[in-house]
Amino acid sequence: MADADTIDRPEATELPDPLEMPTLCPGAMAGSNPYPAKPDHNTALGFPGELVDDWHDRAIDKMGELLGKYRSFRVYLDSCVKCGACTDKCHYFLGSGDPKNMPVARQDLLRKVYRRHFTLAGKYFPKLVGAADLTEDVLDDWYSYFHQCSQCRRCSVFCPYGIDTAEISMAAREILDTVGKGQKYCNEILGKVHKIGNNLGLPEPALQATLEDLEEDIEDETGVPVKLPLNVEGADILLITPSADFFAEPHIDGLIGYAKVFHQAGVSWTLSSYASEAANFAMFIGSYDQMREVALRIRKAALDLGVKRIVVGECGHAWRVAYSFWNTLAGPFDFLDPNYPIPQHICEFTYDLIQKGQLTFDKSKNDHMTLTFHDSCNVSRASRMGDMPGGQFEIPRAIIKAVCNNYVDMAPDTIRESTFCCGGGGGLLTDEIMDIRKKGAQPRMRALRQVADENGVTHMAAICAICKTQFTKVMPEFGFDRESIVSVHQLVSNAIILDPPEDAGEPEEDDEDEVTVAVEAATESEEAVQAAADEK
Amino acid sequence: MSKCSPSCTCGAPDERPVDAARRSFLKTAATAGAVALAPGVTLYVVGGRAEARAPDQPVDPKKRWGMLVDVSKCTEDCSACVTACRTENGLGALDDPKIDAQWIRKVEVNDPATGYSRSLPVMCQHCAEPPCVDVCPTGASFKRDDGIVLVDKHICIGCRYCMMACPYKARSFVHEPLSDQKPYAPRGKGTVESCTLCVHKVDAGELPACVTACATEGNGALVFGDLNDPESDIAKRLKAYPTRQIRADLGVDPGVHYQGL
Amino acid sequence: MLTTAYALLFYFATIVLVAGLAWRIYEYATVPAPLKIPTTPAPTTRRGVIFRMGREVVLFESLFKSNKWIWLFGWLFHVALAVVVLRHLRYFIEPVWSWVVFVQPFGVYAGFAMVVGLLGLWARRFLVPRVRYISAPSDHLMLALIVAIGLSGLAMKFVARTDIVAVKAFFLGLVRFDPQPLPADPALLVHLTLVALLMIIFPFSKLLHAPGVFFSPSRNQVDNPRERRHLAAWAARMDRQPGE
Amino acid sequence: AAGATGARAGDVPVPEPAKGAGEACVADTAFMRRYHMQMLVHQRRDTVHEGIRTEQFSLKGCIECHQVKGEDGAAVKVSDSRHFCRSCHDYAAVSIDCFECHASVPEEAGKSAAAAEPENEAVAALGAYVHGKTTGEGAAK
Amino acid sequence: MARITYRELSRPKGFFVGLMTLHAVVIAAGLAAFYYMEHNGHIVTGMTNQVVWGTPHVFAVFLVVAASGALNVASISSVFARLTYKPFARVSGLLAVALLIGGLAVLVLDLGRPERLTVAMTTYNFKSIFAWNIYLYTGFIVIVAAYLWTMMARTGGRYNKVAAYTAFAWRLILTTGTGSIFGFLVAREAYDTALLAPLFIAGSFAYGLAFTVLVLITMCRSLGEALMSEEAVQKFRNLLTIFVLAVVYFTAVLHLTKLYGTRNHGVEAFLLVNGGIYPVLFWGVQIVLGSVIPLLILNFTAFGRTRNGLSLASILVLIGGLAQMYVIIIGGQAWPLQLFPGMEVSSSFGDGAIAAYAPSLPETLLGFAGISIAMLITGLALMVLRFLPGEAVEAARAAS
């Protein structure tokens, strides 16, 4: 019943509404389970390898422990009045219709056990208050449904008490881990970070090689020797970016963008092979200790390299951890330059330069695209950019508008703090649960469809590695080209005018090159979008 | 929940209690009542009471109380009726004629063509088709079954629409807080009022104060009575002499008639 | 006899309510919030947070953003409840503060508004499938209880009145441990019994949302993690370990 | 309901409205305590619209029996907190606007007849005639 | 054409906040005035037993009349399917409700017994046009609210047409009803005519549109020019011209028909020639300042084609409207009732004499508070619900 915008043209009504209410379809997603972690994935993180015998008591004990450690958990479990405000807010519910994907119902999976064991009413009148024992079925339900929550916090925005299902999901996953029922994707990746320093398990030499290749590519394209330094001691800035930026499209174009901006700004910067990962999957499994360990790697890298500033690349939950938690987990960062935000988002960095007029752009380089912006959930609802509340919405948009001529926002109920998750966040970016990932992406895809059809939007920009990966995968399912998802710094990279090196070569030629490339890309993707639209 | 009377919305319990207390009370009241009334009043009452309406009976719809003003008897410098009305109803005075309540006033009428002039009292005309009643949004202005037009000040919201509608300017608005009102003539700030035809006296079988005053003054210009009763003095005089109503053209059929105008 | 029974009932209910709530609030206040998790965009100053909380509590801002119908009935109910409670203050204080005398008459309308709001909320528990799915019997009972309190109160005003002066004397007496006789009017006895019941279950039910909202970290935290280090006691202990 | 009247209450504040004149009120005291407002409203409709002027529940009647004498022997007005109505209403925090219009004290003895009331036989006869149709001779006995 | 989106004004800027604060202050002053009047009685106003409806009624009737006219833009866009007006349909509906509430608030606060509002809402005399008006007003609010709902809610679109037509019909009846309040007062010479109803309808169109235009142009100051296209500005300009002409026309017809009957010559001369302040207000303010000058500005100057020109014209139309109400309402009462037509009459109660009336400060404050109440409601609603065209809001947000 939330109000939305009138749809004025009759034909527009036929476009699917991103907020359309599904009919309830109990159990629709009951079978959606991510692969369980292998014993060594679990043990590597200090969890029991497989389901322990006394799982019931351990789970209850853990719940009790968490109740004493997290006020959020404690208060949220008591306060829900079942008002229903959140019921239609989760993208997984909108996509799947499974009532257990309604945030409150998801919480209730855990709350019913809490009531049974920790409240008087639940002890003596379980039926009345909907309390239930922790049985194996309930544990399985936890495993399924707490892995159908991307911890995006959309429900929290609309709950009158700010009850954040993400917090409950994290707690539930922590309990699952303590009884030996971990999830493969998260736990395996965390193991890699601890061992190698990034999620992909990319060792230093590989990293070095990739960066050098990139440098060559850039120089070929632009004639400007833009550097991507690694492990440079004494650099001013340490860039911490998601490891996806090192190899996958469109992430890598973003990385090129950062490099060009640093280059233009004339600052000295470096990546670190010891801390070559911004992502911190420990947040997904709710483990404070794990999260702290991953964060401490970054502190160590910064100290070892002797940098003055830390800048974080485009990644949603990474930015949440960096912005909201680093200071707590690995602070105080009193050894860094206090004149700059600690840490600083790459968008803040670029935006500052734009404000100061230190960057010049040729906007027409992006004319082949009409853009819209997907606010990533962790950036939107769990962090900030700039010094004003809401800077996280305005700064990326300001950058896009500074480098592109054509920009259109999606429907108001689907952007900014009301943004929809891409469907792959919170440790769900694993292929065995493609089904729920697609269903979760549906609201966003419908919102995009509206602006694509009505305003001719061709590309969607994002500032999150998970979003970009997820969209590349699911967009084709919704009739979009997989390349219609772009990095914000990819747009910057396209439009930025680099100063020719002192010993200038023939920049014009290169420019032309780029133009052709861009035009080609444009025609390609436009055709694709057109084809997709026609199909519809 | 059934109602205490068909038209009532008070929500009171069905039966109003009539018990021992009440019976004993009624006995006391009879004596108390007699004591409370001043000697003069009792005097007049006794005669009529025999046939007058009992206090627990609603007013008689067959009656229509009215007034006849014999303009020829009303002298220019007399204003006894005006004074009597003020005293009777406790109309205070701030000495600002624009805002003071004037339930009855003396109007000088002068024919510019002839120079003929008269002075006559004008009060609420107790119209048979009262515009004030028609327009009142809450029904506070109403016409009693015996033709007396009143304001139920308990539900008057003070909108003053009735004042706009009355062709005779008969109504006043209480512009300021009052104190020391007469117990039998309550009135207060923010409500509209007008001549009640001294309803408390009429109900008690007495004459309106102005009528009494005029008679006492010796002029006898005011005649009060039941217009519907062919036997009444007023009806007979209306039949016998030419009279007119003010602005009869408006069709509101005032209950106050003027003779010799 | 009646008076004694109700006196005891109310002493008991009050103890449960006060002690229960105090214990809950103590818990909420002492369990640490180890991480900064305000739902952003969030205020960056303490004052901003107070303002945000004020809007939540007074206007139900988030609920408004979420769903206009639930907001309409929910807000109507709560505001009306607040006014009714203010009107009820007259039973417990002597002399009555003049502003209570002023708002007191509005309490009657609020009584109706409260019931209307509750019935709207209740209706949605039947009519909206999503809400039907998440409703437990206790959710219905809670609404039934408050509706019944409201209706018995209104009955006292409009159907079978009670001796308000004696009711007030009874409660003033309770406070002074000198209970005065309580009138034996059925509507009053029903009203009071249900109220006592409500007081007793308050600390054990979802009504904890009332104190809970003030302790919700996603609403009561200042968005300044970069500027200020936020550290819970148990987390601070870890900080020290490696070095020592 | 044992009335809150009387000297029972220790330090519990309980209003003690002055006892009315006579032995009993116009209805049972318990009834009066609960229903006097509705009765008054009812009565005022009957009186104003129908001209029914019975004594039971007449506000004027209440005031006459329930007058509270002040130090000077005169009945106190509603502005005085000892006024019968106020003794409870202050306690119950119920303000009534009745006395904005109605006199809160009975008419002082001797002043009751309007000043304009004449001792005039003719008028008396007329009054009697008008109401009782007893044509003149029914006047003063 | 792209889909029109609508947004709330979630983070208003200084200008808007300042304006709202100003209105809040005026309302506070109005409420203080109300308290003062309520406490001391109407003795502290200029009103008397002769002029019983004073300045508050001038404002109240003006606002109520304007309210129904404010719905114009919405009606034109849905009933007459004019797309240029579509982006403003919601604002127009909102303004209609807000102006009505403002007007009613003044009316209620000026009652002798405002605390008996519940009496007014529960006890009806169905013979009274006034009582009917209470239904017309509440009905209007409900119907326009429903109409807004059909425009704003996801599921409401289906009922949009029905609601639009109902609202359109209702507003015509409402203005007729308001006009009839005066038309029914047969004894007052100034009002005794059926022409008041059409005059009020024409007036409502002009004032309602002037309010709508002013609010929109004011919002342009907050949101930038994107809010109103140049095309819309010109359309509004033409519309306002037509409506003002209609008011002038009906005013002329009204006075000419009155002059036709000899018995009305006195009152006509009073209002139009020798009545002191009333002819001045009529000719000087209503006709010249409120009609002729705006018409000239709008149609014969380049300035009139600009937003500022349009706002100035609208302000003048509104001032003219207030003057018109003043002349009708107060002038009509100042002229004495004729108890004895053809005779010279005098009394202590002002019979036969022209009543003096001078507005006092409190009642004037109360009147202005009515306008501010309407504006504050509008402003707050713009902040929390989606009334404004989204593009403009976005543009403004980006600019900040």
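For the reader, a short list of remarks on this structure follows.
Note that the chains take the letters A, B, C, D and E in the order they are written out, and that residue 1 is the start of every chain.
One rule holds for everything that comes next: a contact is a pair of C-beta atoms (placed from the backbone, for glycine too) under 8 Å apart; a residue touches a chain by one contact, two chains touch by 3 or more.
Predicted model only: the values in this text are computed from it and were never measured.
Touch-path distance (fewest steps) from chain B to chain D is 1. Farthest from chain D, judged by the mean position of CA atoms in each chain, is A. Distance between Cα centroids is largest for the pairing of chain E with A. Averaged Cα coordinates give chain B a centre that lies 40 Å from the centre of chain E. Chain D has its Cα centroid 79 Å from the Cα centroid of chain A.
Separation between the centroids of chain D and chain E, computed from CA atoms only, is 48 Å. Distance between chain centres (mean CA atoms), chain C to chain D: 44 Å. For chain C, residues touching at least two other chains: there are none. Contacts with at least two other chains are made by no residue of chain E. Looking at chain B, residues 11, 177, 189, 191 sit in touch with two or more other chains. The part of chain E that touches chain B in the complex is made up of residues 40-43, 47-50, 52-53, 111-114, 116-117, 119-120, 123-125, 127-131, 133-134, 181, 184-188, 333, 337-351, 355-356. Listed in rising order, the residues of chain D touching chain C in the complex are 1-2, 4, 9-15, 30, 33-35, 38, 88, 90-95. Taken together, the chain C residues at the contact with chain A in this complex read 24, 27-28, 31-37, 39-44, 48, 56, 60, 62-63, 65-70, 74, 124, 128-131, 133-139, 141, 201, 204-206, 208-209, 212-213, 215-219, 223, 225-226, 228-232, 234-235, 238. Those residues of chain E that touch chain A in the complex are listed here as 1-7, 11, 86, 151-155, 157, 385-386, 390, 394, 397-398.
Of all residues in chain B, those touching chain D in their complex are 4, 8, 10-13, 16-17, 19-22, 24-26, 28-29, 32-33, 36-41, 43-44, 46-53, 55-59, 83-84, 87-88, 142, 144-146, 150, 152-154, 177-178, 180-184, 186-189, 191, 199, 202-207, 209, 211-213, 215-216, 224-226, 229, 231-233.
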